[in-house]
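Down below are the structures I want you to see.
After this come two complexes, each holding subunit A, first together with subunit B and then together with subunit C.
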Partner chain A sequence: MRAIWTIAKMSLVENSRKQVFHVLCLLMLAVIAGSTLLSIFTEGVKLKILKDLCMTCILFAGAMLAIALGATGVPNDVETRTLYPIIARPIARWQYVVGKFLGTCLTVAMGLGALSAVFGALIYYYQARFDWFLPTAALFALLEATVIAAVATALSTIATPAVAAALSFMIYLCGTIKVGYFGGMLDRASSGLVRTVGTTVYHLLPNLECFNLKAALVHDDAIPLSYLVLVAFYGVCYAAFALGLGAVVFKGREV
Partner chain B sequence: MRRTVSAVSTGFLLALARAAWAHGDPHELGHHWSIGEYRSEMWFQISAMAFAVVAYVLVLFGVRAWKRHGIQRR
Partner chain C sequence: MTPAIKTNELTKIYRLPGRRTKTAVNSLSIEVPQGVIFGFLGPNGAGKTTTIKIILDFMRPTSGSATVFGLPTTDPATRRLIGYLPEQPYFHKFLKPMELLSMHAALAGLPRRRAKEAAASALDRAGMTEYADTPIGKLSKGLTQRIAIAQALVGEPKLLILDEPTSGLDPIGRRHTRDLLVELRNEGRTIFLSSHLLSEVENLCDVVAVLKGGKLVALGTPDEVRSSSTYVKVSTAPIDDDTRDRLQFLGVGIERLSDSTIVRIDPKNLYAVLRAMEELGLPVIKIETERESLEEAFLRLAA
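Right, the complex of A and B next:
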């Protein structure tokens, strides 16, 4: 456990110095700040749009950070040869992969924490009370980023950073429209082969839509607790499965 | 020019804020918690992942047992 934590801390320091982390966070903070300029609407509509835009920014920033940091962690260490002194120590390869993943998650959590804090302050300013559903929505955005980070880390054990990032981004895009659009397209498919291949891909893709609690935050809707527990359990299972797959592949890989 | 830029950027921001304008349909509203398909898909994937893990562990144990058996016979 100590080995994993040490690698995670190293990864956190390394990731937090990367330009992509600072640029994405600042860009999203600028969009969040800019969304307050929508002054043509009445107060109620303005608040709804503000919540919607800010949650979109948080979800998007989480996904992009998870892809950019998760897909580059392991291949960069192989390229710069910093991996060799690490695996020469009594550290199992799965511990290294899990440590890298945890470091990525901690960095993403730092970024999302900053964005959520600004978002919460804005809501407090406009609503004159704190929205207690916001931490839940932000936590589920972090869980979505965790799932994407696990997929990106698993892909980075077999592919170059560019390929891993591109594949992760495609999985993210398809995952966010999985049940809503992809499922409907499959129902309309006439060819048997297309339907078989499509159904297989459909079931392999993560269901990322369910982590998006933006609509509940915007419309002040209540979500059943059982559903939230199921989504959290599903997220943890999917991330663990993807990471396990990555660790198994990395164990057998010659570096 | 300035008007075009402001119209395009406002349109983009409003398109992002789709849920704020949506009414009625849970799909359109993004109310996935009230659509059964999401729950069933999640349960299906959890079951498939559990099945894959159990199958992997069984194959791993089987291969180890077979190797051990081979060494003992030699």
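Right, the complex of A and C next:
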């Protein structure tokens, strides 16, 4: 565990100083700050739009950070040979992969934490009270980013940064529209083979929509605790599955 | 005593595109005794780095095996005994040396309390204490190399595997490193050193192994690897290409300098060559006997 935590810390220090991290966070902060200029709407509508826009920014920032950092961590270490002194230590390859993934998640958490704090302050300003559902929504945005980070890290153990990032982004897109779009397509598929292959791919793709609590935040809907627990469990299991695959692949890789 | 490193018929064959293969290491069997500085030499592509990577379990051999202090190299716990300095080391540029070494001490399995002390001690031994808090990205190549040496030392390894340890160092740094390696050897550690600076290897190493085409072509002390026979070195005037070709026909070695020519002659052929030089009108400026240097032995064995 100590080895994993050490690699995660090393990764966090390095990631938090990367340009992509600063640029993405500043960009989203600018969008969140800009959302306060929606003066043409009434206060009630304005608050809903603010929540919608800010939550979208947080979800998007989380996903993009997870892809940008997760897809590049391992390949960059291999290419620059920063990896060699690390795996020359008495650590297993899977510990290195998990450490890099954890470092990515911690960096994303840092970014989303900052964005959520600004978002929370804005809501407090407009509502004169704190929205206690916001931390839950932000946490599930982080969980979604964690799943994406696991996929990106797993892909990065076999692909170049560009390929891993592109594939991760595709999986992110497909995972976001999976239930609404692909579910309907499969139902209409005429060929049995297409349906079988399609169903397999459908179930392998992560269901990222379930982590999106934006609608509940905007409309002040209540979400059952059982749903949240189930979704959290699904997220942890999927991330572990993706990461496990990546660790197995990396174990056999010659560097 | 258990050898520090032992390879047994170690072979590594790479598969190339188009069903071709390349044998990088070919049935290599060596034993590195404990407590020595072992020089691992060979031309580019001889299989040195591949052998090191197999010992560190960066890759698996096609056949054969390797052990470190009798333990399998495939067990991560074995690497607790090893400190590794890669060729052209690179570290995350935003980290500071103290941060980097503390993390490596933790990865090496040192307890939290000792990790910081070990990092400070390693920095001190590498002569880098004053740069402890300077981001690595701001250090020169030579200073980064010294940090890499410190990184290999942290964790108090019994075996140090160093790939070109003095690369990028100025003469002071090289001297410091050489003295450090002798000190470490005297402490009982084993140093496995891969280097192209043969003059350094000759003065530093207790045992050398020479690789060529993945195969071991020589193993022994530097004295044993060098030819025991002497040769005669004759200095003469500068020569043209035609004269050079005529002399080379006699089986001599020729080195053309800007203001002279060195002719290396097997003592058996000395008089025949001197007669030929006289006929060619070449004056004898200096004549002396010499023993083959390690570099000359390397060229003889591996070129």
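Here is the rule we use: the second predicted complex is superposed on the first by the 255 of 255 C-alpha atoms of A that agree within 3 Å, B and C clash if a C-alpha of one lies under 4 Å from a C-alpha of the other, contacts with A are read in each partner's own complex, and residues count from 1 in each chain.
Methods note: contacts are C-beta pairs under 8 Å (C-beta built on N, C-alpha and C of every residue); 3 or more make two chains touch, one makes a residue touch a chain.
None of the values given here were measured: they were computed from a predicted structure.
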{"item": "First (subunit B), second (subunit C), both or neither touched by A:Thr199", "value": "neither"}
{"item": "Greater residue coverage of subunit A in the superposed arrangement, subunit B or subunit C", "value": "B"}
{"item": "Partner chain(s) touched by A:Gln127 [first = subunit B, second = subunit C, both, neither]", "value": "neither"}
{"item": "Subunit B versus subunit C as contact partner of A:Thr6, first or second or both or neither", "value": "second"}
{"item": "Which of subunit B and subunit C A:Asn212 touches, first, second, both or neither", "value": "first"}
{"item": "Partner chain(s) touched by A:Val255 [first = subunit B, second = subunit C, both, neither]", "value": "second"}
{"item": "Which superposed partner A:Pro90 touches (first subunit B, second subunit C, both, neither)", "value": "second"}
{"item": "Residue numbers on subunit A that touch subunit B, as the complex places them", "value": "35, 38, 45, 48-49, 51-53, 56, 178-180, 183, 203, 207, 209-210, 212, 214-216, 218-219, 221, 223-224, 227, 230-231, 233-234, 237-238, 241, 244, 248"}
{"item": "In the complex with subunit A, residue positions of subunit C that touch it", "value": "53, 56, 58-60, 76-80, 82, 84-86, 88-92, 94-95, 99, 103-104, 106-109, 148, 151-152, 155"}
{"item": "Residues on subunit A engaged by subunit C in the complex (per definition of touch)", "value": "2-3, 6-7, 9-10, 13-14, 17, 80-82, 84-92, 254-255"}
{"item": "Touching residues on subunit B, where the partner in the complex is subunit A", "value": "10, 13-14, 16-20, 22, 27, 29-33, 35, 37-39, 41-46, 48-49, 52-53, 56"}
